[in-house]
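Next come two complexes built around chain A: one with chain B, the other with chain C.
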Partner chain A sequence: MQRKIFMLLAVAALVSSNGVISFAMPAAGSGAITGKVTYTGTPPKMKPIDMSKEPSCAKQHATPVSTENVATGPGNTLEFVVVYISAGDTGPSEPTAAVRYDQKGCQYLPHVLPMQVGQQLQIFNDDQTSHNIHPLAKVNQEWNKSQPAGSPPIDTKYDKPEFIPVKCNIHPWMHGYFVVLNTTHYSITGPDGAFSLKGLPAGKYTVTAWQEQYGTQTQDVTIGAGETKAIDFTFKALPY
Partner chain B sequence: MGKLFAIVVTVIALVSAAFFAMHTWWLPVDISTTGPAVDHQLTETLIGTGVLFLAGQLLLGAFAWGSSGRSSDRKTKVFPGGAAPLVVAAILVVGVEIFTLTFVGSKVWGAIYLAPAEAGSLQIDVQAEQFAFYFRYPGPDGKFGAVHPDKIDDGSGNYFGLDPANDVAARDDVVVGSLVVPVNQPVALMLHSKDVGHSFYVRELRVQQDFVPGLDIPLHFTATQTGKFEIVCTQLCGLGHYNMKAYLQVMTPGDYTQWLKAQESQ
Partner chain C sequence: MTLKNMLVAFALGSMALLSAGAGPGFAQESHIGNLTGHAESGKQLYRRYCVGCHGPDGDSNGENAQWIDPKPRDFTLATFKCRSTPTGTLPTDQDLYNAVERGFVTTNMPSWRPLTPQQRADLVAFIKTFSPRWKTDKAGTPITIPAETPITLDSIQHGRVLFQKMECWKCHGAAGHGDGPSAATLTDSKDNPIRPYNFAVGSRFKCGETNQDLYRIFMTGLDGTPMPSFADVIQPNDAWDLVHFLRTLQPMDTKEAEIWKAYVAAHGADLKPIGPDSAGGGK
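On to the complex of A and B.
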């Protein structure tokens, strides 16, 4: 019986050697950590952004967009929180697909972009106006690049883990974050505040949740093989 | 050849003067109480310089016409005393013209810019930065919150560096990207720059004033017509200078009150 299973696995590994599923990856596992990020207290009111000086952007928004530094959802959920394994991970595997960052309607989409160290990052200007993207890196190399309408995407990557605020040197209201992580296991919350870290082997992990205004929180979690554990993060929000 | 030159010079001079005389490309509409004084001064300057320009060009044409065809061995007349008195005379003539214009002009400028704003003016704070203008109204309490440059955070919309956590007066301050004022209401702006030199220029107001980092510069005006007008930066301030602008919206007092209430409730 055992032998049969072994044979099956061997066949599966062979089949997957063309890169579809890789049994050879060291960090593969079927455990998961899921949960929700919420706040207590009163978060600050997000401010509407006046884009009237850039009509090509203003007309893309039927209702004015707002600042996104504390984005909340129904049920006191927090959006744009990056939840990741900060300790206990067996190390990053090679990042595969490139991540995409858009300048659209004079906003950064997504507002917060998590990525892996060394992962290819492509920055697009989808607007009919010039942008000058300026990631304010301190650990990595800082740069800023002008990107007139119709320019090809900027192709780049970051070598060290860092939370990098991003601004536009032309449109002061444009604001976002690059979150460069040393792990494959990360998740960013949507409006429902939910996150899920999948594919974890059994082990003891430190899970960190990062919110751009409220900083980080960590929790230690131990999961068994194939186990799914639920943890929640709660940030304390202040109105100002 | 000399006669052809004379004709060309005369035609160019007359045609360019005609564009001014006929107001072909004239000034934009004037919507401020101080605009007429500026326009009057500008017209006087244009007449003065225009008359001198025409006289100079027509004389040049006349001399070229009269001297054409003369034999070249004829003795050239020289200015009495030679080159030095000629240069001194030219400097004196041009200098008197420039100084006259400056003195008369600065009197008009001073009467507008150096005069204090009217009592009861609407106070609005202006922050210029690369590459946008932001405007701050004191809110229902009528008080501006203090500014702390270290608290400036464009990403969260704190363009002025307010500290609402510790400063109650700052909590209701209204910060917007357009300058909205009621018509016929004296407005007193206080200009600040976050980074480099900028300039506040509204053609229709006939108002132009530089921002200087580190200085609080007052500026006042009264708009006499409703409408939407462009505020542009006229001091080269960097890469995005071409794109640094905002809008001045002059509203009826009723519309203004409504607009302000809507902003305060946000």
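On to the complex of A and C.
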């Protein structure tokens, strides 16, 4: 009986969330939320990666590349933080262009790739070695495909929002993330820690910042028509 | 969204559920040939035979689990190694039924042939209640396996080229001993260490023992493990060549081994070694 009630609520929720999408037209606005992501405390030292087991990749890097799980910039900025509208968005618009993910020099480029639910994702192997691309999805279905040198790109998409760690089992140092979002409004920080969410209609939004090691932070922001508001996120960094 | 809209949506949702979900077909079933398994019956069997390792919630946290390596399957993830379906899809009921019947050699999962076929079908139905994915997704379409090509020297030699080119040796090792350069670092999708198959042991594969099973293993991949699918990058005839070569790595009296032994005895010195410094692995 309990399970039935739960199912009832789940179905009701499904219908009502569909309702939101059909009632509210995705309105283009001119408001924006911008800001910077920084840290306090001591982040862990990023370690140089030893690629000697894969000479074709090692020789592509004059100096060894480092791990990227906490990538920082001058002025305590944090790179690879995904900032997005997690509530208040008026329904995502259809994704248009495909997003591209590269395996190059035995690294994932970009390290973190944000995309929309249903957006076409193309995965390229630019290396002279085989990779197996293994996104460890839990909400979406996990898969694992071999992509030898010179193979055509893998064409795929994700149907549900999720933060998906990506790894290559052949080259255990390769780590990345697919960040699948249910919004059109997202931004990923560069080395300067800056983000900018543009084209927002007036309204009340919840903005979430996600960092792979330090998790998420949220802030509520209300903007008027055409208004630009600045907010900052600060993560507490631990050295381990 | 206004309160009124929400109420309307809730009412619509409730009605949709009552009309679609409340019938007797709501319970989870499995269909294997002309057998129909029922989750309610499977639940009793599960509590008796499976719960010790797979746990009451199907999440692989049974009381024996901490002593077991490799770990029991976590049914809540709905990720399965032995499938006839492409990577990233649910297995068929038949796949799960076969796995229960066959057991997993070199692990703690025994063969459940002592149970009746009906009981095994009931267990499959119950296992499917642990993940909501069985309600939202359909099982994948089984891959097509063309008729096996003749076992010839050419086929074996080409298989060896593929073993080099597809970089099977990175994990399975140049001689198939499971000792390739990446082998030591391998983990499954739950971060537990995992070993690649050692062909020199000659044991059955976890997902079967025939040439067809071997074909299926690398064309579907073993989801949840480091073993990827090669379906997009190996053509069907080439896949049979790889099967024929892989058989030569096993210490068994197969036709493949016989042909290959004779060839290596005469021409072994001409063979380029498999591995990082080899241009092609071929002649």
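Just so we're on the same page, the second predicted complex is superposed on the first by the 215 of 240 C-alpha atoms of A that agree within 3 Å, B and C clash if a C-alpha of one lies under 4 Å from a C-alpha of the other, contacts with A are read in each partner's own complex, and residues count from 1 in each chain.
In the analysis below, contacts are C-beta pairs under 8 Å (C-beta built on N, C-alpha and C of every residue); 3 or more make two chains touch, one makes a residue touch a chain.
Note that the coordinates shown come from a computational prediction; the quantities given were computed from them, not determined experimentally.
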Using the touch definition from the top, say if A:Ser52 reaches chain B (first), chain C (second), both or neither.
-> first
For A:Ser146, is the partner it touches chain B (first), chain C (second), both, or none of the two (neither)?
-> both
Considering only touches as defined above, state whether A:Asn69 meets chain B (first), chain C (second), both or neither.
-> first
Is A:Ala98 contacted by the first partner chain B, the second partner chain C, both or neither?
-> neither
Does the superposition put A:Leu136 against chain B (first), chain C (second), both, or neither?
-> second
Touching A:Asn169 in the superposition: chain B (first), chain C (second), both, neither?
-> both
Could you tell me if A:Ile154 is touching chain B, chain C, both of them or neither one (first, second, both, neither)?
-> second
Contacts of A:Leu238 with chain B and chain C, given as first, second, both or neither = first
Enumerate the residues of chain A that count as touching chain B in its complex and touching chain C in the other.
-> 53, 129-130, 132, 146, 169-172
Touching residues (chain side chain B, partner chain A) in the complex = 129-132, 154-157, 159, 164-165, 171, 175-178, 238-240, 243-247, 266
Touching residues (chain side chain A, partner chain C) in the complex = 4, 7-8, 11-16, 19-20, 23, 53, 55, 129-130, 132-134, 136, 138, 141-148, 151-152, 154, 169-172
In their complex, what parts of chain C are in touch with chain A?
-> 1, 5-6, 8-10, 12-14, 16-17, 21-22, 77-79, 87-90, 133, 137, 165-167, 170-171, 181-182, 185-187, 189, 221, 223-233, 276
Which part of chain A faces chain B closely enough to touch in the complex?
-> 44-54, 67, 69, 129-130, 132, 146, 165, 167, 169-173, 175, 213, 238-240
